[in-house]
Amino acid sequence: MSVLLILMLPFVGILLPPLLQRQGRLAATLGAGIPTLLAFGLLMSLGPSVLAGEVLLASREWVPAMGLTAGLRVDGLGFLFATMTLGIGLLVITYAHFYMKKDDPLGRFYAYLLLFMGAMLGIVLSENVLLMALFWEITSLSSFLLIGYSSHDSEARRGARMALAITGLGGFCLFAGLVVLGQIAGSYELSVILASGDLITSHDWYVPMLVLVLLGAFTKSAQFPFHFWLPNAMKAPTPVSAYLHSATMVKAGVFLLARLHPALAGTSPWFFLVGGVGIATMFFAAYVAFYRHDLKGLLAYSTISHLGLITALFGFGTAGAAVVGVFHIMNHAAFKASLFMTAGIIDHQTGTRDIRILGGLRKAMPFTMVLALLGSAAMAGIPLFNGFISKELFLKETLDLPLMAGAPWVFPVVATAGALFSMAYSVRLVHGVFFKDPTEKTPKEARDPSMGMLVPVGILVAICVIVGIAAEQTAGPLLAAAAGSTVGGELPYYSLSLWHGFTLELLMSAIAIGGGVVLYLQRARLYEIADRWPQLTGQMAFEKVQGLILSFAEGLTARLENGSLQRYIVLLLGMALVAGALPFLEHGFVTGTAELTPTNPVAIAVWALLVVATLATVFTHRSRITAIICLSVVGLLISIIFVYLSAPDLALTQLSVEVVTILLLLLALFVLPKVAPPESSTLRKIRDATLAAIGGAGMGLISWAVMTRPQDSISDYYLENATYPVGGGTNVVNVILVDFRGFDTLGEVAVLVLAAFGVYTMLRYARHTHVEGVDDMASDRYPVVLVSVSRPLLALILLMALYIFLRGHYLPGGGFIGGLVASVALILQYLASGIDWAKERMGVSFRYVAVAGVLLATLSGGAAFLVEQPFLTMTLLGLKIPLVGEIDYVMTLLFDLGIFLAVVGGTMTILSQLSHMQEDREPFDEEARAKETDPWKP
Amino acid sequence: MNHWITLPVLIPFVAAILIEIVGRHHIGARRVLAVCAGLGTIAAGAYMLLRTHQGEIFTYAMGGWEAPFGVALVADGLSALLVTLTGVVSLFAALYSMNRHDTKGKFFHFFLQMQVAGICGAVLTGDLFSLFVCFEIMLLASYNLLVYTGEERGLKAGVHYVILNLAGSALFLVAIGTLYGVTGTLNLADMALRVGELGPEDTALVRAGGLLLMVVFMLKAAVLPLHLWLPNVYGSATAPVAAFFAILTKVGVYAILRVSTLVFGSEAGVAADVLAPYLLPLAALTLALGMLGALGSLRLRKALGFLIVASIGTMLMSIGLYTPEGIAAGLYYLVHSTLGIAMLFLLVDLIARQRGEKDDRLVVARAPAQRALLGLLFFAGAIAVVGLPPLSGFLGKVWVLQASLMTPHVVVVWVAILLTSVLALVALSRAGSLIFWKGEEADDEERVPRATAFELLPVFGLLACLILYTLFSGPAAELCMMIAEGLLSPGDYIEAVMGVRP
Amino acid sequence: MIGGKKILPRPGFSVVLMITWILAHQSLDPKTLAIGAVASLLLPAFTQHFWPEALRVRRAGLLLKFLGIFVYDIIVANLQVAWLVLGPSSKLRPAFLEVPIVLENPMSITALSAVISLAPGTVAANLSGDRRTLLVHILHTKDEERAITRIKERYEGPLKEIFE
Amino acid sequence: MITVALNVGFAVMCLCLILNLIRLLKGPSTPDRILALDTMYINTIALILLFGVRLEREIFFEAALLIAMMGFIGTVALANYLLHGDIID
Amino acid sequence: MISLIEYVIAALILIGVSFCFVGSLGLVKLPDFYMRVHVPTKATTLGIGSLLIASTIYFSILRGAPAVHEILIVVFLFMTAPISAHMLMKAGLHEGLPDVDGEVEKRRG
Amino acid sequence: MEALIASAIAVLGGSGIYLVLRARTFTVILGLALLAIAVNLFLLSMGRVAPGHAPVIEEGLELGAYVDPLPQAVVLTAIVIGFAMMSFAVVLAITAHFVTGTDHLDGEETS
């Protein structure tokens, strides 16, 4: 429970600094510091049991299906890292309070810092590896925020993005690798994984899994060739560098190596990958660090180098090396954090971090000088400092690598060379800043900072010295516990004493220290040589790759999604053709065995007419009015065909819809260009014609294939049951529409109303100024004869509409067709007498009629609920009316009436709105009115 | 009588009608109704989840006519999940719209509720032709929502969207016709029974029908190469509409999933595995192109559109494994990405407004006035859609990786997921750093519109949903797993609808 | 809304509608008749705003006689036209006639125009803006003045008597 | 007897429709095309009536009536379009 | 009796289609638009009339079911055909379509 | 008869598709109208074209004598929905033309 609390405290604390910020800087700092301190105290309370070798586990189910538990684990290794995270965290919070500028938003800074702290604790305390990966990515995210904290600085922004990209990529690889790892081990719990070492290392997926996991570790710990993000991350405020980029986050990579050491280490892939990359990084980064002029840059590369050292140690795969690795983690955290803080102090007090500018600060900043000197000594591996012990143990380990039996000198030589450069840059740091004569004046007058900044550094430096002198007594127990969980078994013999006699590693240390000093003395020559070398860095490669991907993405997107609808349609059509054709190509086209229906001359004639009219529509499409007329012919012929194919309802519907469509198209043509310009190239036309021919033929062939097959469908049921005792009808199509499948019909009506409302909305935005034509031959706008005939026709056609509507249940007709006929009667008034005249006399809003229709249909369907029948049940009751007799399909009739009204309302809304378009009206704006009636607005 | 099954359709449908009748002249009444409808839909969905989460399937015979003759509504875990999700997104979209979006056109809430009704109908119906009708309601409502403001951007995109979908509807009918012609039924469960009995001579025909149907669904779901319409359409819609559209493509995914497992599953005789060989590769390419598109977009809304495409790729790739884990992971991701994208669309609207004329274009502009707050929200949203911890997208991706690990497609899926995750990271960190870090300070504080609490409410609401979804991932994943297993052995579904086991 | 509503604005028209209803249904059962009666009574009331002008048949007998002549004319006209069409087109002498009219009620003008169009070889092509001249196209005529006179005597006169 | 007449009738009506279509395609003017369309509508009524007699079913009445109505409306609308550009104002 | 009625029906059918044919032929054959308007208006209308009478007789007498609703179609056509013709004429004049003796040109000035 | 219907569907469908592939909204709408007709005929043909009676029940006829009513109901619904969509598309074309000044599909005259 207290483990969970330790983990939760930083996350809960995130809210405090931003909230307390208004109470002042101190409040914000306390808001960050108190949760940290509490967590640290709680952690320390676990110390005794952990140091005694206990493993504390606390687990809660989270997502069993993924094998993800909220499992926490405190063992020696986790305890060590948690201690570092919280302990150094406390120091950094203190330091930052004094370091950060007065006008910096300190609350946000601490919030990010606590977010990071919590995530880091999560990594080191996770029992479930997926949970660990989860926290892993959060550290990348918080690092992104912290690096980009000085967001006005373009370098900072770039550095933040780069760090996120690299560590994010690594994180994704890591979680992929962990997924494989869990799959191999059969569980994502560390307890299981750590116990399955043999199973894992002998598994087929071991190497790919290892590569993925290592990508995660190497990117995080800035191992070559992924190291370049770390120097770029130095744009972060110095407390961040001190915390994340030296002591904690970058250590997550090596933590992972340590954590999984029992399960993954000891194989030759592990050795060559981890050991090789580590040693290479150690040397390379030390070499580069020597050439850095920026203090933080130097420290960054130094960090990379030391992380390489630790990585190499874990890579060696032996228990002894692992112990040393853990030990160096502790040491490095202490001296590097102190040095970063020192660098921050120098920057803070002088205004620059450039070693070439700085110099001679020993007089102005004596305290700082002492602390820097001690920290650097630890870093350089000078005896009596903690760095010396772990470095010498490291050198010793390089001497005894079974897998390097063929070339045993390689690792020792590279390691020594790395240590040599390490010495060189450490000397440079101290001498360059504090001792050599300054070349120019620093931007600010240098002097020692306040105690608040010095104390945290002092504490860390003290640790370096104390551990350096009495390692066994101070760091011993913690190391034993941490190394114990890293090795995963009995600890090998090791000695943390300063003096092991005259050994080969002592000689190597001596060479490194001496050589380093010599190298520093020769620095001028070396810089000159370095300047002449071409600058090819990982950062350049990264930016090159990123640029390439970006321009590729932009180019590809612009090319593909070019805003051409024609292309999209061609793609859709192409997909459909492929989808339709594939099965036939695979399985063959089989004509059915059913007997064919004999044909007759009339059918052939109508067919020929249809084909000609259809093709005429295509060929005349540029002369639009002609095309409309041809389309009408097609519609008419289709209606005849429907009649012929025993589908009278369809014929009626098609006829009515056709003429309303023609009206629509004519209304549109009034506004749109009357003639389309020629534009397609011949090639394009041929392509389109080919596609069209294939598409059409496909439809025809499928229809042929189906029509020639015998039928076995559910339709007999409808024929059998249409005339059911109550409410049934003889027109089966109508019964299907209003009863069997009333749901579809309700939906269909909704579609119509939606269309009408859409038209209504859209046409509020389209206006067209009508130009009155001057013509003596046909002068009257409303021809008397048309007007006169339209008057009686209104009632007559409405009567017919009623007739068709009422008969629908028994004979062809029904609500939809009746509605269209009624609409046509009304439209005739529009045509004859104009919209204003007609509208004045309608006295009803058609939109309202449409909605009322839908409501009526819905209600008549919902009436069934009252008698505990399913929605849209129509056989509810018969209605007896005197004289008239029994109308036994009341609900059906009401439903159909709803459809009728919706159709009239919808169609008339569309047409009247469309006809009204040319009037110039005020643009639609309800906002003003909305404000008056809007209850939500204050 | 399980009348509750009709509620997800009837609540928004009746609400839409009432919005027109009662709220005809009163925006306040329209808003109250919209909120009630949203809450009602959520409640109906939640109840449905409660009833179905043990794997039970309920059928409701509309009009009292048993399947396959009448239209049957079928409630199972999958439909319940989608209904609930639709309700949630619609509620927040409606709430957000009340800040100046729903007054631009008269019928905003009417269209929105109709679309909800269409979506709910589509995910509940057990009948292929009803599915078509519901799709049309949904589409027509979405057309309207796209153009209701009359802005040029929306109208231009609307022309594309409408015409392409009209062509798609024609194709839908051809597919329905073919399947009816060869099987003689429109009910999906009945069709599943009947395809099993087809002889080899009908193989090509039924498979052609099935594949054509899948093409239609892929158009709705925006699967490569039918995804190109989406970014511009979503990028041109107003914020609440775009946010709500996040659910729209998922209905396509739903249809693919439902039909390809129920009718064209692995035990469908000559119609077996119609889509299975093609879905995964297409989805992987969709994911890749979607992510490249997000990276290559010059406008943030468009980038979000591409992220939708990518998320569709992710979930369909997982579904394309056609294993219980794969489908479950796809479904899990579906919910997550819908919430995440919806939240981002709302948020981007607030951000764009505070950037002045530069709107959502990815160029240097003045930083949003509420830089810290909006930046934080953007950060959270980006985390969600990239699939980073701690939000559920990360878990979804982990699950997809787990699900594909033991299959032959492991390399494709893994490479696609890992590489595109990095692309997403780069794309969104670029966008975020450009907008929030690189942005110039506003010179005149007064002119910049600040987001009100009421505007932020839906954004926070969706974020809260994401967080809750993450916290309760355990039950959610279990539900997805139950649904997936049900889908892969459609016997229960068929029995619930038809009364017989295949 | 324009004007007030009368309960039974056009009894004659209602009768016409009722007959139409019965013709359409071809049945005299009570249900049909009842619905038809209601519809026939209500429709004129509903549509009276669209048709405010009254048209009164003043001489019903003359109307019947006129219809008889007219049907005869139609049949003859059709035979004539058929003959003209089947013969060589080059012999046809078409012309536009400007027929001055004295009718004032638009309904009767319409009736005249309809009659002209259905009658032998003539189509009413346009009515002048002042409603005083009807432009008639004639398929074949040798004497335009006689054609005009014939139209006025044979059709306009009776129509004037019947309606005005 | 009636059958023979019907067969002749069908043949002639088909011929009529073909002639109408020829005029429609030939034009030359749009009013000509509208006229041809109008004639087609009426001829179609004839065809449907013959068909009803042939099948001995009366269910085609509505279709014929509707063709008459729709043909009229269509013709008026097209003529209005030519006369005024917009068919309704 | 029956056969006489059959003859009548057959004759009416033939007369009807003949008129229709004349109408359609005229439509193709006549030289200008204004002349072409004449034929369908009359011939076709009368043709339909004959056919409708044939149909009425057929169903009412031979099939024993009263079939009078065809009359409605005739009435409707007779009401509307002249209007259609009128509107088309106006449209033709408006468009300035040429007639055989150039009268329209003259009138338009 | 089947061949006639199948080929009519092919011609209608092909013509519709060709017009849908043009660059102007109006033409595309014409194409969609043709395509809709083709699809409706296609749907109807899925109930086979066996000669028979319209599905209006008469006494004394066997069920087998009627044509399949279900495709007819489906087509009817499809026609209505198609009409609604058509209206919407037409008005959208008009509005887009008003706003963009062109009837080109992509809202600009280029390409």
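Letters A, B, C, D, E and F name the chains as they come in the text, with residue numbers starting at 1 for each one.
By our rule, a residue touches a chain if its C-beta (ideal position, glycine included) is under 8 Å from a C-beta of that chain, and two chains touch if they have at least 3 such contacts.
Computed from a predicted model, the values in this text were never measured in an experiment.
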| item | value |
| --- | --- |
| Graph distance between chain B and chain E, where chains that touch are linked | 2 |
| Relative to chain B, chain with the most remote C-alpha centre | C |
| A-D or A-E - the one linked by more C-beta pairs in contact | A-D |
| Chain C and chain F, separation of their C-alpha mean positions in angstrom | 39 |
| Centre distance in Å when chain C and chain E are each reduced to the mean of their C-alpha atoms | 16 |
| Chain D-chain E separation of Cα centroids, rounded to whole Å | 10 |
| Contacts with two or more other chains, residues of chain D listed in rising order | 17, 30, 34, 59, 65, 69, 76, 78, 80, 82-83 |
| Residues of chain F touching at least two other chains | 16, 20, 25, 39-40, 42, 45-47, 53-54, 56, 70, 77, 81-82, 84-85, 88, 92-93, 95, 99, 105-106 |
| Chain C, residues touching no fewer than two other chains | 20, 24-25, 113-114, 124, 126 |
| Contacting residues of chain D [partner chain E, same complex] | 1-2, 4-6, 8-9, 12-13, 15-17, 19-20, 22-23, 26, 29-32, 34-36, 38-39, 42-43, 45-46, 49-50, 52-53, 56, 58, 61, 64-65, 68-69, 71-72, 75-76, 78-80, 82-83 |
| Touch list for chain D against partner chain A, complex | 10-11, 14, 17-18, 21, 24-25, 27, 30, 33-34, 37, 40-41, 44, 47-48, 51, 59-60, 62-63, 65-67, 69-70, 73-74, 76-78, 80-89 |
| Of all residues in chain C, those that touch chain A in their complex | 1-2, 13, 16-17, 20-21, 24-25, 30-31, 34-35, 39-40, 43-44, 46-47, 49-51, 53, 106-107, 109-110, 113-114, 124, 126-129, 131 |
| Residues of chain E that touch chain A when the two form their complex | 76, 79-80, 82-83, 86-87, 90-91, 93-94, 96, 104, 107-108 |
| Chain B-facing residues of chain F, complex | 16, 20, 25, 28, 32, 35-36, 39-40, 42-43, 45-47, 70-71, 74, 77-78, 81-82, 84-85, 88-89, 92-93, 95-96, 99-100, 105-107 |
